[in-house]
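Got a structure for you, written out below as structure tokens; questions coming shortly.
Letters A, B, C and D name the chains as they come in the text, with residue numbers starting at 1 for each one.
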Amino acid sequence: MQTTRRRTVAVCGSGAADTPPAVLEVAFAVGRALVDAGFRVACGGLGGVMTAVCRGARASDRWTEGTTLGIVPTYDASTANPYVDVVVASGLGLARNVVLVASADAVVAIGGGSGTLAEIALAWQLGKPVVALDVGFGWSHELAGRAIDDRRPDTLRRASTPEAAVAAVRAALDAP
Amino acid sequence: MQTTRRRTVAVCGSGAADTPPAVLEVAFAVGRALVDAGFRVACGGLGGVMTAVCRGARASDRWTEGTTLGIVPTYDASTANPYVDVVVASGLGLARNVVLVASADAVVAIGGGSGTLAEIALAWQLGKPVVALDVGFGWSHELAGRAIDDRRPDTLRRASTPEAAVAAVRAALDAP
Amino acid sequence: MQTTRRRTVAVCGSGAADTPPAVLEVAFAVGRALVDAGFRVACGGLGGVMTAVCRGARASDRWTEGTTLGIVPTYDASTANPYVDVVVASGLGLARNVVLVASADAVVAIGGGSGTLAEIALAWQLGKPVVALDVGFGWSHELAGRAIDDRRPDTLRRASTPEAAVAAVRAALDAP
Amino acid sequence: MQTTRRRTVAVCGSGAADTPPAVLEVAFAVGRALVDAGFRVACGGLGGVMTAVCRGARASDRWTEGTTLGIVPTYDASTANPYVDVVVASGLGLARNVVLVASADAVVAIGGGSGTLAEIALAWQLGKPVVALDVGFGWSHELAGRAIDDRRPDTLRRASTPEAAVAAVRAALDAP
């Protein structure tokens, strides 16, 4: 019987097909580094940053089947990108984003528009550590280092590289 | 048979018991002015700004039973403030915020922390007009006049008074 | 300030366009009788029995705007039938059925297939009184007078007429 | 890159602590046999049949981390039984049951009360093959071999043993 369940990190970012290649490279590196560090990787299961993160997770030497979790908005599991191992076909529309961040021990945001902003705000409300990867634009850029409101003493942890993001996740989860 | 259904405006803001009285007065005035203008008023059904908005709605001469809608997070309808006419006891937790903004024709944000920020972001994603009442602090203050991302050509409409907020809602909904 | 909120009864039944006219007549009569008795009427907001119930509610002399609540599965409020006053555009798919029964003080089932069966079971789980209108077929027919499981001491209350159904709702809600 | 995602089977049954040992043994055997056959096993993540199924899955020689998925009703992942690998902390209350069956390729019901009945009905609505393990009582007993309504040409597949249940799942999923 396991005594410590594998921890899960949700990665949030744009699902747009025209996401800049540099951002997708960062997302790929985050996915791989998270799995290298022993985490499960969760996301919204679709394209753009979500696909890149799952691809990165699959590229880790520590990837095993079941490492990537994708919670998609519809009942159609085939909408999940092919690098998702575990598909939750929620049928909940945007409410799936609440389920995603709620199921994570920590959240990493990469750039992002309104969807990512909602996920950052929800994660904050739910008391999850949030790491904002500063890719130079988007809500992770704008909010890095800030507090969302005063209900928590901490801030969104700013990270400049995928490695720093994973280190920030570990630091947050290992804090007393 | 009705041909045009009554339009609904969701009002978002802090549920905290220590919300400043000046903000509650603004929320009350928004609730009343929305009902004066013929709208149904929806909110998260709980305290703080939510109670003030519903109280204001009840104070309008045009209030009738059924004018205020409160979507609460638990299955306990008795958590709704006493000025809510129609209680949706969602049991959905924070996901009820998605249902709230999705059920509105437009959204008015008043101050607010992470919950209001999530609602603003979700409303933006869902294509709803968003009016940000600038009460000098909170996310409605910070985001008034801005776009959340580039998926829409518009911005959060800034309003300085309750009357201006209702006028902005009407302008947004009556735009071609 | 109201001290006793208006009670809400959810009515469940088939949304199919080919629902037998006799069943639609029963649904219409249930909707009207519930509003005559002072209740708000809630349903899934779409066609078939749902439309008939809302039409009936509108036909009551005691109908006022806001009396009928429809919780539809998508974000498209225009899918609600025209007799729904308050539309909740949930975007939750089938999960909207949970929200529907949870928001009701009691549930009336009229015939029905798998959707109605799920609503009966969910209402039972949530501790709501359930009245099964025996229209000669469907799950309300099959389960009338039965218990769903042993977590509750009562049964689905069998009713043979719309009037008896409303009387059963009142008896259940007024029981000590 | 995987071309065929691992298929998931949801197992539904009572979460009660006083579930008869014989039923828990059946659930354990179903969990193990499903993983032996290559499936991922999903459930509501809590006790009773849910714990037994996950324990059984863990007992399979083919179990690897990530094989068991538990979708719990609250935001508290620690409520998941210790044999759940992947926890979705949905916060959705009973609506999590919709997400559970929607995320499965097929559903196996074992005994069960109102919760299981709702899951059977929802699975039927969503077009999922449903196998009813006849353990002599509960809704899987009562509905085995029946259709829930006429929207589908098939019935709940009756199985008398765990092995037969898994064979029925395979037959259903491999049918043309």
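Convention: a residue touches a chain if its C-beta (ideal position, glycine included) is under 8 Å from a C-beta of that chain, and two chains touch if they have at least 3 such contacts.
For clarity, every value in this text was computed on a predicted model and none was experimentally measured.
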{"item": "C-D compared against A-C, more contacting pairs", "value": "C-D"}
{"item": "Angle (degrees, nearest 5) of the CA superposition of subunit A onto subunit D", "value": "180"}
{"item": "Interchain centroid distance [CA atoms averaged], subunit C/subunit D, Å", "value": "29"}
{"item": "Whole-Å gap between the CA centroids of subunit A and subunit C", "value": "41"}
{"item": "Numbers and ranges of subunit D residues touching at least 2 other chains", "value": "75, 91-95, 98-99, 102, 126"}
{"item": "Residues of subunit A defined as touching subunit D within the complex", "value": "1-3, 5-6, 8, 40, 58, 64-67, 69, 71, 75, 77, 80, 82-92, 98-99, 102-103, 126"}
{"item": "Subunit A to subunit B touching residues, read off their complex", "value": "92-95, 97-99, 102, 113-115, 117-118, 121-122, 124-126, 148-151"}
{"item": "Touching residues (chain side subunit B, partner subunit D) in the complex", "value": "75, 91-95"}
